[in-house]
Amino acid sequence: MTAASRYTYLGPEGTFTEAALRTLPEAATRELVPMISVPAALDAVRAGDAAGALVPIENSVEGGVSATVDELASGEPLMIYREVLLPIAFALLVRPGTTLADIKTVTGHPVAQPQVRGWLAQHLPQAQWESAASNADGARLVQEGRYDAAFAGEFAAATYGLDPLVTEIHDADNATTRFVLTGRPARPAAPTGADKTSVVLWLREDHPGALLEVLQEFATCGVNLMRIESRPTGAGIGQYSFSLDCEGHISERRVGEALMGLRRLCRDIRFLGSYPRADRVAATVREGTTDPDFLRAADWLTRCLDGRGA
Amino acid sequence: MTAASRYTYLGPEGTFTEAALRTLPEAATRELVPMISVPAALDAVRAGDAAGALVPIENSVEGGVSATVDELASGEPLMIYREVLLPIAFALLVRPGTTLADIKTVTGHPVAQPQVRGWLAQHLPQAQWESAASNADGARLVQEGRYDAAFAGEFAAATYGLDPLVTEIHDADNATTRFVLTGRPARPAAPTGADKTSVVLWLREDHPGALLEVLQEFATCGVNLMRIESRPTGAGIGQYSFSLDCEGHISERRVGEALMGLRRLCRDIRFLGSYPRADRVAATVREGTTDPDFLRAADWLTRCLDGRGA
Amino acid sequence: MTAASRYTYLGPEGTFTEAALRTLPEAATRELVPMISVPAALDAVRAGDAAGALVPIENSVEGGVSATVDELASGEPLMIYREVLLPIAFALLVRPGTTLADIKTVTGHPVAQPQVRGWLAQHLPQAQWESAASNADGARLVQEGRYDAAFAGEFAAATYGLDPLVTEIHDADNATTRFVLTGRPARPAAPTGADKTSVVLWLREDHPGALLEVLQEFATCGVNLMRIESRPTGAGIGQYSFSLDCEGHISERRVGEALMGLRRLCRDIRFLGSYPRADRVAATVREGTTDPDFLRAADWLTRCLDGRGA
Amino acid sequence: MTAASRYTYLGPEGTFTEAALRTLPEAATRELVPMISVPAALDAVRAGDAAGALVPIENSVEGGVSATVDELASGEPLMIYREVLLPIAFALLVRPGTTLADIKTVTGHPVAQPQVRGWLAQHLPQAQWESAASNADGARLVQEGRYDAAFAGEFAAATYGLDPLVTEIHDADNATTRFVLTGRPARPAAPTGADKTSVVLWLREDHPGALLEVLQEFATCGVNLMRIESRPTGAGIGQYSFSLDCEGHISERRVGEALMGLRRLCRDIRFLGSYPRADRVAATVREGTTDPDFLRAADWLTRCLDGRGA
């Protein structure tokens, strides 16, 4: 297969990221290549070795989130074209024949541990936990006989020849991870009425009100903020960039207006894309901020400039 | 003379308004017509009987300010093309021969009284004050012998055959009145770099934060507010419109942007003009809000929409 | 009678201000003294010659509003203890026997003219208007035979031996004037649940966002602003103080908190009183800004400081 | 040793977290116990098995940051008493005798990989990378002979009998990790003039302006925000809590005032402590927000309530 039909993802095989990727219809016709890290998955796209990369960006039980946010903020620009939400539930994977009573040692990604802590305390209070480099790696180590059981996605069982002894394990009721499909910059897809726009900002000065002004810009344009995350810029502790998602599509006037305002306000800004919301919730648009409202205001300004209106 | 060469003003002859009007170079070639009230002066322009009207709009010692603000906010639209600042100092006008010791009664416009109260208490503590319909009217009443002295502009002395017994009377050190020259709507004069823009706003709802949002719109665009005045709308106590002056010219991007924002935000808006500041102070333009900043932001948005930039 | 039982008001007799004063129950037992100007009425209270002064403060058809706002902002402090709302309607007062057809000249306060302009144009298009120093003064001049008719309050007819030929004249449907009863500073009356608080502010610097910060302070504390008016400070055009009314009583926590914030934020502040609203509308109190909310927050802070809570 | 003299930390031995802990003078007299995860380290403190726990909270190359932020926001309350900043530089650890030319496989924590990617591409372009569960774990695997080299802190060499072949490896010039020492809730240490305060907030409603109001609360009180991070609440994607650091100490009035405002504004708030800044930078205090400013404002309010001042 060619690079154009290849998608990379945060591996190894059998991770939740792979499961998320397989929910995309086009995944069936693509070559899916696991990579050892988020940067590696994204770099393959940058280098032209793959058309897209699916990586976790929010609330992951496999890590990688900070790496994703930071990688999208630096290096060669990439854009987000799709998001996938995947409910996270663990299975306890064992070699065929193993029973709960046989389990003395368990493994899994350190980030998964808090999600299964409650279940472990109740059902396997004596079991020893040791960390693995990923949930799928844990499954591999069980296959190799190093541990008795591993927490991983149920879908990883087949890959490693294991059985899911217990399924649907998750301490939080609502553990969902958000993944994004990224690619090289291109024209955003047409708006669907239920879109999301992502940007990264670097504030001009380290002055108290800078972030406030950014949020004010969104509020003034009637654009709802969905996520805001501060990330160290690498220029020292206390120096941050902000990764933001807002409702709406860059081709909508209120979003475009807010983005232009941010462009003027900030030292730097990176547009990460406008793409359909996985939850398909339509944006709420405040009175005075619809596209026709913006057009009427522009018409009125023109009339004032021409002396034809007041 | 024709209507095109006629200017009306808040009369009668001999008022500070007439004095302000005469500071305009073109006044020398115009027919200057005193009117009994601000509405009358403005209506003459609306009716096509005059090309312009000079009326006080701020800090007047002859009243008329509220009338001006309200009249510009209602009826047929008018626009402001010029502003005049006039330092206010009173002269004590008397019939020739009168001395300070002769003065038992004084008159003047009620609004002038606070400006001369201190002087009166010190120099004429026994004198009886009675109000006149205008400062110039007071001068006329002294001419007719009804009072011994009138407070008015020194320039009114000649008109009424009186002598300025004392001049430069004013309790506040900095009593200056602001007048505006209004005309029918037309294209605003070109920006000078030291301009002012006036609007009237009607907020969409009587919600606590509405005015805050208006001020925020200016702040977001980096436009300095110079004056804000609430005026009852006539729709009941507690219902206000807001009369505002801000720095800059409507043809400047940051001002145009703020005005469009107000247009979307408010139930109604009336553009009252962009015109040179009488004090010739250049606007301070905040980083990120120059015309080139706005253009760069618009370019960037276009590139993002085209998939050519991030 | 003694000073303690004397109320002054903006005269002369027969004005709307007198009519407003007579709506107060205690007016029946007070000596009511007309004064020639708002400053004179207020100075009598300051000098101890009267216990209170009733003066117009908003939307007056007799002027005096700016004088009131300015006078309360300067000189010896006074406080507002009561407000009165009076619907304004004019009567056309004539000498007994005069008919509409007889009227060639009419008079009235210049500020009243816009309120009766429409009526005049329709019913007395030929009549000559001349301004009087007050509406009541106009009535006196009709009594003296100088004019044929005067616009004034219907209640002024008896005082000047005139007849109300036409009544209920007012161009705006909702012409209401607001008056305030002022006195020397004392403890504000107890809150009624429907109160109003008035202050005057002088901003610390002439910086663009100063007024915005003031409004933000109110918003942060959940206090609704009812009126805002900018007034020149006398320190030059462009230097303003702000006269504000907000909902609520100084003894309520959210109002006290906002006032303390303004005190810190502003160069100077003058508390003009907390008093019952004439319209008896109860304040809307936003979630999180009730007195119990403030107390709970203070308790929580104490617990945090003591290491007893988080 | 007893629990009172025991500190836990994110292990295993030889991590940057252990190195950070050893910079604290009291570490010399404490039993330092490595734990397999941030939750485990913190739970030991909650259970009374340790007096404190040192965990990474910002910009870590060993993960754990999200876990720390989330763990401090939930479960039994803990408080922060100290912060430590540690510059991050990697050493390439090898078994004695290994040269650069011998290295075919390298390992390390996946989060470390981006920090050493540039160095690897330049000096070991052919080496295979495999992830380890932690940097220290990677060192252990080199000791066991599974890999040729591991990226870890230079201080880990001795623990695992390895040699630091190359030191001071870090792609970013300014890679610093921030760690916090947490303990059970108690009275915060006295202010030093250069303090930091940490809280977690849950907004009351998912309304567009909620976060804006929070930032406004800080701005109104003149408190500078140092860090803001959104974290999913576990109640579903799109539901966030906010973890914030601001300048100043809870015992300072402007900070206490802001915290009380947040308490009223938010659905819930958790105070995580006021503690000395590791960088010893004194807070900048805006005019009008010093402790004396707050006291003067409170005095003024009292005088107004008593009728003794205006």
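Here the chain labels run A, B, C and D in written order, and each chain numbers its own residues starting at 1.
The rule is short, and it goes like this: a residue touches a chain if its C-beta (ideal position, glycine included) is under 8 Å from a C-beta of that chain, and two chains touch if they have at least 3 such contacts.
If you're wondering where the values come from, they're calculated on a predicted model, not measured in any experiment.
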**Separation of mean Cα positions, chain C and chain B [Å, integer]** = 23
**chain B-chain D separation of Cα centroids, rounded to whole Å** = 59
**Complete:** Here the gap between chain C and chain D, centre to centre from mean Cα coordinates and rounded to Å, is 57
**Request:** Please list all residues of chain D that touch 2 or more other chains.
**Result:** 216, 219
**Item:** Chain-level touch network, classified as line, ring, star, complete or other
**Value:** ring
**Request:** Would you mind giving me the full set of chain pairs in touch?
**Result:** A-B, A-D, B-C, C-D
**Message:** Looking at the complex, which residues from chain A come into contact with chain B?
**Reply:** 77, 79, 185-188, 204, 213, 216-217, 219-220, 250-251, 256, 259-261, 263-265, 269-272, 287-289, 293-294, 296-298, 300-301, 304-310
**Request:** Show which residues of chain A lie in contact with chain D when the two form their complex.
**Result:** 36-37, 39-40, 58-59, 63-67, 70-71, 85, 110-111, 113-114, 117, 129-134, 137, 172-176, 178, 208-209, 211-212, 215-216, 218-219, 222-230, 232, 234-238, 240, 279, 286
